[in-house]
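These are the structures in question, set out in turn.
Next come two complexes, and both contain chain A; in the first it sits with chain B, in the second with chain C.
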Partner chain A sequence: MQGSPMNGISEGLSPFRRFRNLLLGGLTGLFFFFAVSPLLLIVYVAWNQGRSALNWEFISTLPSGFPLGTEGGILNGIVGSLVLVVIASSLSVPVGIWAGLYLWQDGKSRQAGLVRLLSDLLLGVPSVVWGIVGFYVFSTSTGMGFHWGFSAMAGGLTLGFIMVPIVTRVTEQALRDVPMSFIEGSYALGATRWQTMRSVALPGAMAGIGTGILLGILNVLGQTAPLVFTNYYNTGLPSSLVGSQGAVGDLAMQIFIYVHEPSQLLHVKAMAASLVLLGIVLALDIGIRLMTWGSRKIAGRVG
Partner chain B sequence: MARMSVSGFYAYYSENPALRNISLEIPDRQVLALIGPSGCGKTTFLRSLNRMNDFVKGFSVKGQVTLDDVDIYSSGLHPVVLRRRVGMVFQKPNPFHKSIFENVAYGLRIQGVRSRLILSDRVEQSLRSAALWDEVKDRLNSSAFSLSGGQQQRLCIARALAVEPEVLLLDEPASALDPISTARIEELIQDLKTQYAIVIVTHNMQQAARVSDRTAFFLTGEMVEIGETSRIFTNPSDERTEDYITGRFG
Partner chain C sequence: METPESVRQDIPKASEKAEGRLEIREEPDLAGRSERLFGWILKGGGLSILVLFGVVILVCLVAAWPSIHRFGISFLWSSTWNPNRKIFGAFPYLVGTLWVTGIALITSIPVAIFSALFLSDYAPSWLSGIVSTLMEMLAGIPSIVFGAFGITFMVPLLRDHLEPFLARTLGTRWDFFNGDPLGYGILAAGFVVGFMIVPLVATVTRDSLLMVPQEMVEASYALGATKAETVFFVKLREVMPGIVGSVILGFGRAVGETMAVLLLVGNQPSIPQTIQDVGYTISSLLANTFTYAVIDPLYAAAEVELGLILLVITLAVNTLGRELLLRLMGGRLAGSVGGG
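Take a look at the complex of A and B:
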């Protein structure tokens, strides 16, 4: 321990203070351990249990064999999850960002208060409720709406609606986090609200908005309840986005189904599929971070 | 002669008066210094001159402020237009996270100036006026944050000059800077007053004495006294002014 920073700090202190420093240091370490250990545990368990099934074939072929999936891979789930995320994002990213911009620029008005309240209520709607409403609106042939059957469009849009309030909230917050001094600097030069929003606030908020979109996507990637009623699952690849051929596979659903099968091999494959899901999450995270690198600097999040 | 003129002006933050019955003139090609202890309303007053307080919830005003004889609060003069004519530099340098060039060009771009030629021209001219050109001419495309604090503040002045305002408001522009940068800013103010009407808030009495032609002393929301700077500092007519400038309080 000679020359360690902890030693340096404690030098010349009374025994009581030394003890207190040690205790606080220990507690900090303990809390740190509890904060990161779940992540380590997830990666460890999934890797340990699923590694043996992970290979190129696993991510590049459709499931086959009996029970289905004991041979082949999870291409249906990977493709389906990506399709669902793309559909959900095409709805929620523009709508959510627009709503967030509105809340930011009209922040103190009564309408904004109402929008914020509704948005917060939506955040709290259980996903199974979203699912059944999505079913009624998008999927049934007797309900109100679109008669799309169990399809990627019905599932994706339902997931999109779940994402909207998340993106809205985070966008508004990210805009508020842009230091007031930049905003005022822009106004003082004769910029309008819109110009200030576009040229100063939005570029500064991109990192936060990116994080919001990521949070939304992660939420959606893990959902199964809303999909049970709107898309369910497909063991193959979809040939359309709506109608009777429109259902897609989905990684979360696939894991859920495999774990319920009385097959040791499928349990291993469920673990391997979890690893793939983690990989996708990681790739998305890195991708969004790279895309918003410039903005992170503005927000003071990196050097 | 007066660019701006204030009479019987009151300002309130949700019913609490921050300024009471202020009347003064802001002549062209002169520097007016506002002095007074913290919280006496200097910033509120300055921000009332270009309606930056409009963004503060619950802020309201009474009385009259005119720019070239046009009432800035009740004439229908749009605040956006007003702020192009009455520029402002803040206490802490606040350049945008853009290049040096784009910082200065910002005010022009938002007015719709697209021509690269005009932009370059005006950027150079503004940086020269702000006595920064020689230091940055070889790195106009570097980030504004690669500059020192003093340079950043001069960049903010250049940015304000680029839109060719008539009045320049400076809120303690040197309080975050070292003595050498402060001296440069003071020199710069001397140069700029040949073209602009300047109002500067300062905590530093010597600075007020060095740079200003006239000085107004504010105390708890009221203007105690205004006059030629030399007179205010040598022979104030109000006892409270004398107490303040001799350091007896504040």
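Take a look at the complex of A and C:
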């Protein structure tokens, strides 16, 4: 109390300034509460409306009944989301780390500056535009492209495109966080750049890169718009990954379709599915936070 | 300690030294070659980003070309959208997008800036970790969940309470606030998009607030300023470019929001006259009708051209915002990754 600048001078303040000080300070707290209230409201509303439909059967069975989905569960969505995330990661993790290594190694060069700019711009590309790109590259049946139709491969690789710049950005940052003295020490011992990268830089940055991958997965898990263009939806389990039978279900798509139906029962199912998606996303989020916190603590950078 | 004799004894062995030098000359050459090869392999990583960017631009340009060629620049202000007569104009969708984005920005900017101040200056230190986490978790909530929340919570709230209230109070003087209280419309979509961009704007603003030199804050206190005066008149003014940059990034995010808007905006290609009207945005039109449009090449091209307009807007806006923030913060551009 003694050392605080506020108390020291508050004696001679005019009532107006004292009032303004309290008012503005209080307003910041109030507006912060406004800002995070959607988080609390969304969790509350999803819990309140979806809880009744949420049980083990909901997670472990395929949708059935009429209209489809009023009975049964969301197994197709869970499996499909998993398939899409695996496909997306298998494209974006190698490419993203590769590009991140380049940005780290080439550092301040003009070319690296351009690559960094483009990578940041790719982060901001709207998801519908990714959908269009994915459609014309993977799904379209005319012109150039892979002609895979609406399929898991098309949807997953489109999500992979979205993930690449995220993994790139975080990989570069994680590599920059490896102390320069480690890198210089490795070079001083006569190691080549490849050896330094393999045995010093990458192991040091592993936790950060892992965080980046999880962040990317977190981001693409909730993506719906690109899937409208490339994968759409399947009420069953996938039998192949490309072609006309290749579409998979997807949690986000499932919520979208259920919410669009004029059936109260499906809205309840949608809220329960939202609850599952929220649970996965928030658990991932907390996991990422614990990971960063843990790795910082190991590196001794947190007081 | 080496004696001079031993040194002198080493010198005459010229043949041995020459051999050694040969070997030494060989080695850096080999290493140099693998180093160069490694450098080229790494360059491929940079190239992959260039290629990805090129693919995005190229696909949009090529697929939109029939429409660009057919309608030219008047595509932007023609308001007829008739697939049967093959006449397409972007105006209603551009206006709808700007309405939703505008409402989102107006509602979210004050909330985001005050929250950023709370995060950086007002939250007590034991609380600051938790409140930052809450803010960043909000950024991770998927767009579709916001949309579902909007349908089950915001729409009834607007329909039964806020919109009748607006019509009763402000609406009696200005027609702008009047309208049918549907719940769905640009207001619902704008509010929900506003919720979604608050975390982005707030975290970027917070990061730029943390860059203000401590000396400046201390100088302000030394001149007798209160905490609020220091924070609002000194720090906030100092980071104005950062705030502008974060708002620009928020604009870029809001313009492209799709699923929540699609569920809430009402999807009517009319130009909104009042704040309670329904509308249609570029992104929601694309997500809603693109799969029907692909049957007709010109229809598809017109839709892709809308996507191209969206892409150009976001690229321009994000370049600008990034430039402002980089100048202020030098390198780290945190908080730019988030839900979609």
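Quick note on the criterion: the second predicted complex is superposed on the first by the 236 of 303 C-alpha atoms of A that agree within 3 Å, B and C clash if a C-alpha of one lies under 4 Å from a C-alpha of the other, contacts with A are read in each partner's own complex, and residues count from 1 in each chain.
Heads up, the rule we're going with is that a residue touches a chain if its C-beta (ideal position, glycine included) is under 8 Å from a C-beta of that chain, and two chains touch if they have at least 3 such contacts.
Remember, it's a predicted structure, so these values are computed and weren't measured experimentally.
Engineer: A:Ile59 in the overlay: touching chain B, chain C, both, or neither? Say first, second, both or neither.
Structural biologist: neither
Engineer: Of the two partner chains, chain B (first) and chain C (second), which one does A:Thr192 touch, if any: first, second, both, or neither?
Structural biologist: In the superposition, A:Thr192 touches chain B and chain C alike.
Engineer: Could you look at A:Phe256 and tell me whether it touches chain B, chain C, both or neither (first, second, both, neither)?
Structural biologist: Once the two structures are laid over each other on A, A:Phe256 reaches chain C alone.
Engineer: A:Glu184 in the overlay: touching chain B, chain C, both, or neither? Say first, second, both or neither.
Structural biologist: The answer is first: A:Glu184 touches chain B but not chain C.
Engineer: For A:Leu265, select first, second, both or neither according to whether it touches chain B, chain C, the two together, or no partner.
Structural biologist: neither
Engineer: Spot which of chain B and chain C makes contact with more residues of chain A, would you?
Structural biologist: Comparing touch counts on chain A for chain B and chain C gives C.
Engineer: Just to be sure I read the superposition right, which of the two partners does A:Tyr136 touch: chain B = first, chain C = second, or both, or neither?
Structural biologist: In the superposition, A:Tyr136 contacts chain C only.
Engineer: Show which residues of chain A both chain B and chain C reach, each in its own complex.
Structural biologist: Residues common to the chain A contacts of chain C and of chain B are 192, listed in rising order.
Engineer: State the interface residues of chain A toward chain C in the complex, per the touch definition above.
Structural biologist: By the definition above, chain A touches chain C via 5-6, 9-10, 13, 17-18, 20-25, 27-32, 34-36, 38-39, 41-42, 45-46, 49, 95, 97-103, 105-106, 111-112, 114-115, 117-133, 135-137, 140, 161-162, 164-166, 168-170, 173, 192-194, 215, 218-219, 221-225, 228-229, 232, 252, 255-256, 259-260, 267, 270-271, 274, 277-278, 281-282, 284-286, 289.
Engineer: Show which residues of chain C lie in contact with chain A when the two form their complex.
Structural biologist: It comes out as residues 31, 34-35, 38-39, 42-46, 48-50, 52-53, 55-56, 59-60, 62-63, 110-112, 114-115, 117-119, 121-123, 131, 133-138, 140-149, 151-153, 195, 198-199, 202, 221, 224, 226-229, 231-232, 249, 252-253, 255-259, 263, 282-283, 286-287, 290-291, 294, 303-304, 307, 310-311, 314-315, 317-319, 322, 332-333, 336-340.
Engineer: What residues of chain A sit close enough to touch chain B in their complex?
Structural biologist: 108, 179, 181-182, 184-192, 195, 199-200, 203-204, 297-298
Engineer: Can you list the residues on chain B that touch chain A in the complex?
Structural biologist: Going by the criterion above, the answer is residues 50, 52, 55, 57, 80-81, 83-84, 87-88, 90, 92, 94-97, 106-107, 109-111, 156, 159-160, 163.
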